[in-house]
Amino acid sequence: MDGQGMKRRDFIKAGLLTAAASALGPGVMKPVGLWAATPSIKGPVKVGYQAVLSGTLAGYGEFHKMGAVMAVEEINAAGGIAGQKIEMEIRDSTLAAPTAIQNVRYFVDSWGADLLAGVDSSGQALAVAPVMGQLDRVLMVTHAATEKLTEEEVFKKGVRQVFRICTPTYQDGNAAAFVAKDLPAMSWATINPKYEYGFTTWNMFKETLGKLKPGVQFTAESWAPFGTTDFRPHINTIMDAKPEGLYSVVWAGELITMMKQAKQAGLFEKIKHVMLPVGAAMDVLEGLGAEMPDNIWISGRYFFLYPDTPQNKDWVARFKKRWNHYPAYVSETAYSTMFAFKKAIEAAGSKETGPVIKALEGMELDGPAGKRVFRKEDHQAMYDVPWGLTVSSPNYPFKIMGKQIVIPAKEFFNRPPFEGDASKPPFKS
Amino acid sequence: MTAPLLEVRDLSKAFGNVVTANNLNLSLTAGVLTSIIGPNGAGKSTLINILTGFIPPDSGRIIFQSQDITYEPIYRRVRLGLCRSFQVVNVFTGLTLFENISIPILAAHRRANGLFSTVSGEKAVREEAHRILQRIGLQEQGDLPASALSHGDQRVLEVGIALAARPKLLFLDEPTAGMNPVERIKILENIRQLSQEGEVTFVIVEHDMDIVFSLSERVIVLHRGDVIGDGPPEQIKADPHVREVYLGEEVVA
Amino acid sequence: MNRSWTYILAALGIAVLIGIGLFSSRFILYLTMRVMILSIFAMGYNILFGRTGLLSFGHAAFYATGAYGVALCTIHVHSHPVLAVVAGVIAAAVMALIIGFFCVRHTEIYFAMLTLAFGMMVFSLMWNVRGITGGDDGLSGIIRAPISLGLISIPIMKDSQYYFFVLMFFVVSVLLIHRIGRSPFGLVLASIRENHVRTEFAGLPVKRYRLAAFVISGAFAGLAGGLAVFLESNVTPFAAHWSRSADPVLVSLMGGLQTFSGPLVGSVLFVVLRELIERFTHNWMLWFGLILLAIIMGFRGGIVGSTAALLKRSSEQG
Amino acid sequence: MVQSLVHVCLAGISAGMFIWLVASGLTLIFGVLRVLNFAHGSFYMLGAYLCYTFLRFAGVDFWLGVLLGPLVVCVVGYFMERFLLRHVYPLELPYQLLLTFAMVLIFDELVKMIWGAGSIGSPTVPGLSGSVSIAGRDFPVYNLFIIAVGPLVALGLWAMLEKMWWGRIIRAAASDREMAAAIGVKVPALYTGVFVFGAWLSALGGALAVPYVGLLTTGMGEAIIIEAFVVVVIGGLGSLKGAFLGALVIGLLTSFGTRFIPTLDMFLTFILMAAVLLWRPQGFFAES
């Protein structure tokens, strides 16, 4: 339970493992691959990671940490990146933009980071992006979802240093619309966060669903400010409007609260189709436990039961063993980030920013979440995350994603040049 | 000497059922050292508070030097020359004596708004502050904080601050309360002298009848918001009505 | 302190700051800029807090107004940085004038609560007027254009260049605030803190002086916010949140309320301590809280005040 | 429409009564000690976490948890007053605020270290977990319970302050502490007592919040403290009656605001707060 103590111990353990590996000598751990021929990487690969570790969302930071630490341990135990160990430092990003900026500046200018990762809030991601251009280091965003980051900062303004490994708002807005078009609901309402994330996703959902299913109506909107603990007034607004479907990207603790209060008000008996784009987050599923109703549409940036591959199953098992937890989506994105760095550096034969960017652009990465491709134009990782219906399972003390629908990322991710209708789904081809 | 310095017309003030000024009519003449007396709760302090703008009256008019000041804010009355001291010590304890005195002088010279000039650069203000400190006998302590003074000296300073505002009419609310005899003599001597110089007209609220009758040229007696006596000290001493409600109880000796 | 010593210390301080600007690493530059910006905020704030004795919980509103002023001016009007900073300061001062007009009617806790309420209104406004402020995403990518002075133009794009831009405003602010402290106006503010009734009876309109102090401190807050926008190249509504208003309070109290250099020292402590604590623990709030406690319980006059008292005592004994 | 109005009202009243639980302790402490306690939200948070812990790990009944959790917080409150706060009473207002602010940081971090950073979904209360249909829409029984508890606490406080001898002492000390000391009241002990009692009220609010909010998070204290400040201010800084009505007004305002003028949300609350401070600083409901 003590986050700090846990972390320190783990680093010691990781150190012992790698020490043991190197003690076996070069005869056993023989370097292979591209980097063996060109050992142009000097010194350890230093990764600066920041996530929110204080305040109401601190739990997300812990999940980030688990994934990142585990990846570092595994990579170092297996010989590191191009023979060099990863060194990682984690800092509290809070939710304030100036803190995020100070962190990246500290990582690069003081600590000497080669690569950066993390960032939870969209505001922070947008604030940090221009700084990354100035500092000239690669930043892999593992949680912030705003499409503006990749569409505007990377694609339009040309901040090539920024990449994103998690799904953006397309998953929450566009993909939800693809699922909703096949549901028998003709009127939709929302309780969404009263900030950009809430506004954009709802607009995206409305726009895309409107195109996919002409005649569908959007009857009510209720905007919940950040930090809402009492959703009853919002629930009243929605129930007064009597929609057939409810859409909500309220997330984390607030989603737990909202679901409980909606259940008390009998909302799920009146509204049959409920879509929660970030409902498949582990903190939400575990926090709600049996109180999560069945047959709610949920999704996320990754769900630990998808894809049904040996690689994913093995990882989830290792993760469970290591942390006594199922991996949250930020754990997966943090974990895969380290492997993306590894693959890119080894391909580039360098940890310099320029070559690493080149290597990352268009790179394929196999991770627990399946195959990702970093789209060259906007540096957005393309990968599939399912939408599914909640269902009880004897194997888990919480509801899981039952019936799953996978909409391929290329069908609903906005496309370059991110202008006009042609850039938005549905696409002809 | 034609128009009175201060004129009060039909002034009324009540707090709930307690009437502290009941259709008061008064006029104060320049140069006449006046005392206001009355038993506790007679409305002396309230009257000063109303006249100096601390409390608004319920009705009535206050005319100072032919100018209606009934609804003027405090600072503007002070600038016109209507000033007061307080019953309890009311100085700037954290500031030096020199600064204490400088503040009303800066106000009087209209030099208090300077953002980028320095206080020490205001030569005229500095000189005047030193003159007043000398006058009240505290020039030696000019650079000490007021909190370092004895209680009596703080009262003296209080009067000094009031004087520094260049008043034409100065209300002193129990100026000698809490002073030892030496300090008392010093302050009274000061008042007498200043009054004789004629620049400041004093109105004193006092309990000590020795002071009242030895110092003042005119005595006003208040009782429950009414003026029940007004005249030279001898006349007041002799007034049977005043003796009955007031003097009878206290100045038997 | 002796006057010549003050000059020597000030000269030394400026020399050190110039030295940092010329020779130190980019991160030290950045931190020093943060310290200077926070100092401007806190020293300006202290005109109201330490000097006039009014505890405001809403100064983040002016910080943010200055910040948005600079950002909007750069984006929509003209990218000249000096012009933008001036626009930001004016915007903050006007905002302070409007809010101050209502707030100076009260003192103490009522004043504090009133400023809190108005500050949060501004926060809410900035959050909700998305078309102008960009909502919670804020405005980002604000570019530092070169300062054009007719024929020549001075670039401030790099941190090492922008540093001197900040340093210039910092030195000017310190001088101005120092000067205000010794001015008749400053003395009147101190007299209001000591005894506002007496001040009124000294012939001075207390509320008007309070309002003036409020506006001046608000303008400095706006300057700080504006400089921060160029440093971070973005602004979000969180800049107006009440928790940001707590920063200058903490800084002033840490350094020492009634001393001129208190907020300066407090700013250094605030930024450097936080940075150092974060290097060895993720539980920085715990340590920061404990240090605050130690300062309140052990150094009641703030670091500067207590040290000065200590020096004085030891010199008297010695 | 009737259904809608009824439920908007109900939501507002239960929210108001809920805030009242927290604001009552804050008001009491301010009224007597003249200290605005930022850490009051931390007591609320501690009350919630402790109650949850008793429920979850000691396996006690919810009601026992509601009893025990706040009692532990009383001990915390005792130490805070006795060894920290007492030393800053002679200092100015900002120092008191700063001290309680420092405590907020410390408590937040301690909670994170003890219970972990993640938010915890809380269990339901047996017996009060269902809903009843009011005007054709379900309303949780637990909220009805909160609506009942609010006035009960108010009544208890009123009885204590008006009818009991030590209540009268508290009132005497609130109006004039020198006078109280002069007539032989042990003011320091009284202060400790009031502070501990205020802490208990806040922790009780926290314990009852466990099923009400349905979630425990570090930082839950900050979310509620500003709202409680607003209530205390609207009530007239130190008036319990005012705070009670103020809480009701804020609850209803938020509920109606969300339903009918959603763009304004917290803007409304702070406008009301400023208006009260400007025109009726003695409190919205004070007889002038």
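As written, the chains take the letters A, B, C and D, and residue 1 is the first residue of each chain.
What we mean here is this: contacts are C-beta pairs under 8 Å (C-beta built on N, C-alpha and C of every residue); 3 or more make two chains touch, one makes a residue touch a chain.
Keep in mind that what you see is a predicted model, and the values were worked out from it rather than measured.
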Fill in the blank from the handout: Check: interface with higher C-beta contact count, A-D vs A-C, is A-D
Problem - Most distant chain from chain B, judged by the mean position of its C-alpha atoms - result: A
Practice task
Find the geometric centre of each of chain A and chain B from their Cα atoms only, then give the gap between the two centres in Å, rounded to an integer.
Solution key: 75
Practice task
Measure off the straight-line distance from the CA centroid of chain B to the CA centroid of chain D, and report it in whole Å.
Solution key: 49
Practice task
List the centre-to-centre spacing of chain A and chain C in whole Å, with centres computed as mean CA coordinates.
Solution key: 37
Completion exercise
Where chain C touches two or more other chains simultaneously, the residues are 128, 283, 285
Exercise for the section: Among the residues of chain D, pick out those that touch two or more other chains and give their numbers. Expected result: 108-109, 112-113, 265-266
Problem - Two or more partner chains touched - positions in chain A - result: 3-4, 53-54, 194
Exercise for the section: For this assembly, give the contact graph shape among line, ring, star, complete and other. Expected result: other
Fill in the blank from the handout: Chain pairs satisfying touch are A-C, A-D, B-C, C-D
Handout entry: Contacting residues of chain D [partner chain A, same complex]
Key = 3-4, 7-8, 11-12, 14-15, 18, 108-109, 112-121, 124, 131, 133, 137-140, 142-143, 213-215, 217-220, 222-224, 254-259, 262, 265-266
Exercise for the section: Spell out the part of chain C that touches chain A in their complex, as residue ranges. Expected result: 25-27, 30, 34, 127-128, 130, 134-138, 140-141, 159, 228, 232-236, 238, 275, 278, 281-285
Completion exercise
The chain C residues in contact with chain B across the complex are 176, 179-180, 182-188, 190-191, 193-195, 197-206, 216
Handout entry: Residues of chain A defined as touching chain D within the complex
Key = 1-4, 53-59, 61-63, 194, 221-223, 225, 227, 229-230, 232-234, 236-237, 239-240, 252-253, 256-257, 260-261, 264-266, 283, 286-289, 291
Practice task
Name, in rising order, each residue of chain C that touches chain D in their complex.
Solution key: 49, 55, 102, 105-106, 108-110, 112-114, 116-118, 120-121, 124-125, 128, 242, 246, 249-250, 253, 257, 283, 285-286, 288-290, 292-293, 296-297, 300
